[in-house]
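Next come two complexes built around subunit A: one with subunit B, the other with subunit C.
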Partner chain A sequence: MNATVVNIISSTDMLSNFLSGPLANISSNGFLGVGLFVILLALGLGLHKLNMMRTYRRVVSTSKGLEISEESLCEEMFSRQGSNFNAAAVSAWILLFIAFAYFYFLTPSLFLKYNYFQVPSLASSPIGFFLFGFLVLLLTGIASAFLPRVLYSYCQVSKREKMAIMLAIPLLVVSIIISVYLGTKYPAQEANLRAVAFFALFISQIALLWPVYLEALEGVR
Partner chain B sequence: MRLCIVGIGGCGGHLAEHFLKNEDVTILKKSLGDHVSFGGVKGLWLEADVQETDNQDFFGSLERGEYPGYLIPHDVIKSDSKASRAVQDRYGYDIKKQGFMRQAEFLKAIFEIFDTDEVVKSATLSEYESTNPILRSAWDHIRPCTTLAGAENNNKASELCDGILFLISLGGGTGTGFVNPITGYIRRERSAYPAFVLAVLTEEGVDPQQRAKEAKRDMGAMISLYDLVTKKSGIGVDGVILVDNQIMIEKFGQDYPAIDQYIYQAMKPFVARHHYPGENLPSLALREKFLEGLPQPPILVPCYHRMKRHNDPEDELVKRAINEGQLFRCDPKMADRAYVFTRGFMKFDEIVNAVAKYTGLSRDRVEPWRKLGESRWDEVLILLRNPYGGKDKACEDKVTLEYRLHRTLRMALKYMDDPESNLIPEGMPDKTRDALKDYFYGKNGIRNEFKRSLTRIEKGEKPFFLNEKNIFEDKSERSFENNENHENLPDDEKIRKIVMEEVAKILGERA
Partner chain C sequence: MKLDLDDLVGNFEKWKKEDPNQFEYMKKLLHIPFEPSGNYSAPTVLIYYPYNNTNITRNEKLKMIAYVKNDNPIEVRSNIYLQLEAKGPGEENFTAVSSQRVILSNEYSEDNNASMRDWSDITPFLNSEETGNVSFRIWFNDMHNTYYTDTMYGKPHVSGDFYSELNLNLINTPPEIDENCTNVSPDPARYNDPIKYEACFFDSEGDMVNVTLHVFDELGNEHKNATQIIKSGKNVTFTASEYGFFGEDDAGKNFSYSYSYDDGLNGSVTKNMTGPSLLSSPKIYVSNPNVVPEDDNRYWWQSYAFSIKVKNPELDNLRIDLYTDTQAHPKNHQACQMINASKEAEDVSFDLKPFEVSDANQTFTYYFTYSAPDQASRLESDHEKGGVINPRLVKYSMDSGVMVANYLFILLISLVAGVVIERRLYR
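Moving on, here comes the complex of A and B:
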């Protein structure tokens, strides 16, 4: 019994140390966090392109003398992942961008000059948070609808990966709720909660891009 | 190529479950969107036993519009049906019987009655607007999945199936009994619509589930296989892919889900999409390839292997598939064609060379189709066409197809000769008793045909099943045969010889 209590206490301490340690450092550094987000996204898109090129090269190298166009290969590679998954993936990408915007640009704590509070009419509106999110949705809507089709229609997405992408939705909702809560409390700060929101955002982004990374990794092996 | 998967009977249902599982995510097993299966396949499960359908939760009722669904075709017959009464009174068969315990001849007889008996036909027609409502009901549920349905019901033509793959076990139950009548029925509507069968021959010894003796199951298996491969091209199926459960048992023990999973995995290169550009083969073309130069549907033996991706995998993959991955033992050197389905990055010429090397076939008899594979894996499925015959006493060699089929045929004959078998049950009307007696033990009955087949196998002749056999002959055909004095007609061999001589003569004259 005592040993169990000690274990629980030490696990809680470890989590607390983790949240207030390296994770808090990254999550409280706006430029580092945004840079990481952009790099992960760009890496995903870049690797997707490389995966497609590698497949094309392999098909061409095993088709001696045959002319194969990239379009015809893309047509053959296209797979339907299912409408449940597509809906979940589009929702997850929309939420990812909204969670990202809420986390970095809702309060001046990370970017002093570029944030929601810099637009007084929006910040003073009773539905200001919602309008801010809606604006992000409009700005990133096309990308959110387009990215899942580009990233998942030409690679193998296992059911586990699909589930992970689907589970990113509640994780992103948690991140958004925490960001909104922190925005409401501002200027009061809560480093641990911020770290949790950052962690949820970061893990979700990895889950959304994982099929592409995995395909690239397996291609290299 | 996009296939409609039709599992028939218990084994067919279990196999179909693997092919038809949804690749989309679901919450609490409920899907709000379309069902997405591997290779874009669609399909259903035909079963005769209500209890079997209750003991599973994968298939829903097609009658209630659920997908993937099961159908009990004979449910279409009402309890107070006149047609049912006519069959019962005239032939002694209860067509509402639940399940068919290892009696391949039961369903065969019933469907032949619907086809041949004018009284039953007219009673059925007046009641159901079809002369064979059981098969009509099954076909009505398969048809919408196929390209034959066209743009009906707002179907997207590109998502419809251009061929059917029946999944059955040759254990003498529903699958064994149903496959021939249903394919015969489809053929009457569309003689060129591609239909293939994946048939699992049950293992040696007593079946642990239903405790059915091997000899009894083997008789059902042989009756069904005999029917499958003796129908002429365009009347029967277009190819019978044989799997021996004995090999699977040796590999996986009695772990039937693992066996089903392996068979599904082995068939993936066949049903997969994502072809190499320009190598997308329609089912119709595959049908032509399977039947090329054959008067009867071929037996196809699958050989499968998969391994981690590496450079130039063709030789090793093919070698292992042929030597270690046979799903029905055979001598690959006896095959007259090889159809190769690969997944992964492989060179066309290298595949042809490797298959030619390990089968002894000339390069023009090897037909590869390449598909893009899964990450990290390369796999190959080789379908060897009719890999038997040509060798005297090959049936004594354990690694030949002849050995297994010779044993199965002997067991079937043993069962027929066993007085306890009761193949002609007491209490049946004389008409049925005479027909069954004639079918089993008549001069040209199935017993003598099996004996002739045994001799042909022993001599290494090909094919070893020759003449189609019916329990209830069509009266119109019978009268025609009598008028023509059928007894005096030359046998098949003589006809073949005469035709060959005439063809040689014509070709000689032309030259």
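Moving on, here comes the complex of A and C:
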């Protein structure tokens, strides 16, 4: 019994230290966080492109002189991932961008001059938070709609990876709700909650890009 | 019969009155003219001016000396009457500038038969209105003849410091104004305040300075003017009430002014200077500006009750405007009210939500403006401190219906969008 209590307490301490330590530092640094988000995304897209090129070169090298275009190879490689997964993936990407915008640009905490409250007519509206999220949805809609098709239709996505991608949705919901909560509390700050929201956002992004990274890793091997 | 002197004088006066012709004839009979001896010669008379300055000013006190050399033997000499004459710039004739001097026959130096008479501290051109060449000469009479030194010699006599006619140059330096010393006060002022225009003028020659103050209205037209003559270096003061510069109709107007000044010869005009601004006559009386927030939280979304007490006994449609001032929204017009004349003072209240989210965490001030001048002749109240607006930005708490609806809708739309997009683009 005592050992269980000690284990729980030490786990709580570790979590607390983790949230208030390096994660808090990253989550409270707007430029670092946005930079990290953009780098992860750009890296994912870049690795996807490299994966495709590598596959093409291998196919060409084993085709014994047969001419194969990239387009036709892409058509051959294309595989459907299932409706439920696709819908979940699109929703997850939409939520990722909304969570990202809510986390960094909802309050002046991280970007004093670039945030939702710099548009007083929007911020003064009772449905301002919704409008802000909807605006982000519209702005990133095309990317959210096509990224799953580009990233997941030309590689093997395991069930675990699909599960991780689908689990990103509740994680992103958590991140969004925490960001909204922090927005309603501003200027009061809650560093631990902020760290949780950041962690959820970060993990979700990793989960959404993981199939690409994994394939790149396997390609290197 | 014994005739004494008084009788004789009395008879002369009687004869002169009763028979002037016979009296004149008797005078001719009794007149015995002076006849100089054959070797009498007229004395030499010159102006002695042993000074280097040939430029003189109107106020300069001059000293002129008559030098008379009379080589006639003392028994032949007669009295010499001397008169200094001067001719100013542009004048054609000489005029006497001082009283006569006399040299008696025994008043000559035994060494050189010469004598001198002077005229000191004379200012013959004090009132001259021109500058230029001036001349001096001496008129004299030796009981035989009358002479003028400028014409008695064949040609002008100039030898050392001796002149038959002395020519000098009358110059003038214009007066100056001390720019740092010009002032009109008080400014702004009420029309019936003791408004004073002050200035200081200098004339290097000590001339009197003619100073005219010109007061201009807002269109630049001359409203009034007044002149004073002052001594150089003395302050000149024009008191508006003394000269009647301003009346009640001038209240609320802005005036400007300039000075023109001269010393009778040369003058100048200053640039236009602003002032005074006349305050409007009070029409209303305001007091007790106040603001009461909805509660002590002072959130930006809350109501604030602003009020000011106004006594407006005579004006209908008096307009009262409320302004708030924050860093995000300076001079922000909030609302206005029109009130009519009333014998009693009334509270003019504005109950409104004056701020928006960008005003949060800022200190605000507020003030009222009115369409008629208040008791301080102002059209605006002081900027009153209203306090700091609460830094909280969002009105709704996380569990409020509005906020729940906000995030639920965005989550729902995201999920639905995923399904819709999958159906449209992935099949």
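What we mean here is this: the second predicted complex is superposed on the first by the 221 of 221 C-alpha atoms of A that agree within 3 Å, B and C clash if a C-alpha of one lies under 4 Å from a C-alpha of the other, contacts with A are read in each partner's own complex, and residues count from 1 in each chain.
Going forward, contacts are C-beta pairs under 8 Å (C-beta built on N, C-alpha and C of every residue); 3 or more make two chains touch, one makes a residue touch a chain.
Owing to the predicted nature of the structure, the values given are computational and were not obtained by experimental measurement.
Chemist: Identify the partner contact of A:Phe134: answer first if only subunit B is touched, second if only subunit C is, both if each is, neither if none is.
Modeler: After superposition on chain A, A:Phe134 lies in contact with subunit C alone.
Chemist: Could you say whether A:Leu214 touches subunit B, subunit C, both of them, or neither, answering first, second, both or neither?
Modeler: The first partner, subunit B, only.
Chemist: Once the shared chain is lined up, is A:Ala88 touching subunit B (first), subunit C (second), both, or neither of them?
Modeler: So A:Ala88 meets both subunit B and subunit C here.
Chemist: So, A:Val180: does it touch subunit B (first), subunit C (second), both, or neither?
Modeler: second
Chemist: Which of the two partners, first being subunit B and second being subunit C, lies in contact with A:Ala123: first, second, both, or neither?
Modeler: second
Chemist: Which partner chains sit in contact with A:Arg149 here, subunit B, subunit C, both or neither? Use first/second/both/neither.
Modeler: second
Chemist: After lining up the shared chain so the two structures overlap, which partner does A:Ser63 touch, if you call subunit B first and subunit C second: first, second, both or neither?
Modeler: first
Chemist: So, does A:Met163 touch the first partner subunit B, the second partner subunit C, both, or neither?
Modeler: Once the two structures are laid over each other on A, A:Met163 reaches subunit B alone.
Chemist: Check whether subunit B or subunit C contacts more residues of subunit A in the superposed model.
Modeler: Partner with more touched residues of subunit A: C.
Chemist: Shared contact residues on subunit A for subunit B and subunit C?
Modeler: Shared contact residues on subunit A (touching subunit B in one complex, subunit C in the other): 80, 83, 86-88.
Chemist: Which of the residues in subunit A end up touching subunit C in this complex?
Modeler: Going by the criterion above, the answer is residues 80, 83, 86-92, 94-95, 98, 107, 117-118, 120-121, 123-124, 126-130, 133-134, 137, 141, 144-146, 149, 169, 173, 176-177, 180-181, 183-188.
Chemist: How about subunit A: which of its residues touch subunit B in the complex?
Modeler: My answer: residues 55, 58-59, 61-64, 66, 68-69, 72-73, 75-77, 79-88, 156, 159, 162-163, 166, 214-215, 218-219, 221.
Chemist: Tell me, which parts of subunit B touch subunit A in their complex?
Modeler: 22-27, 31-34, 36, 40, 273-278, 280, 345-349, 370, 372, 374-376
Chemist: Applying the document's contact rule, which stretches of subunit C touch subunit A when the two form their complex?
Modeler: Going through subunit C, the ones touching subunit A are 301, 328, 356-358, 361, 391-398, 402-403, 405-407, 409-411, 413-415, 417-419, 421-423, 425-427.
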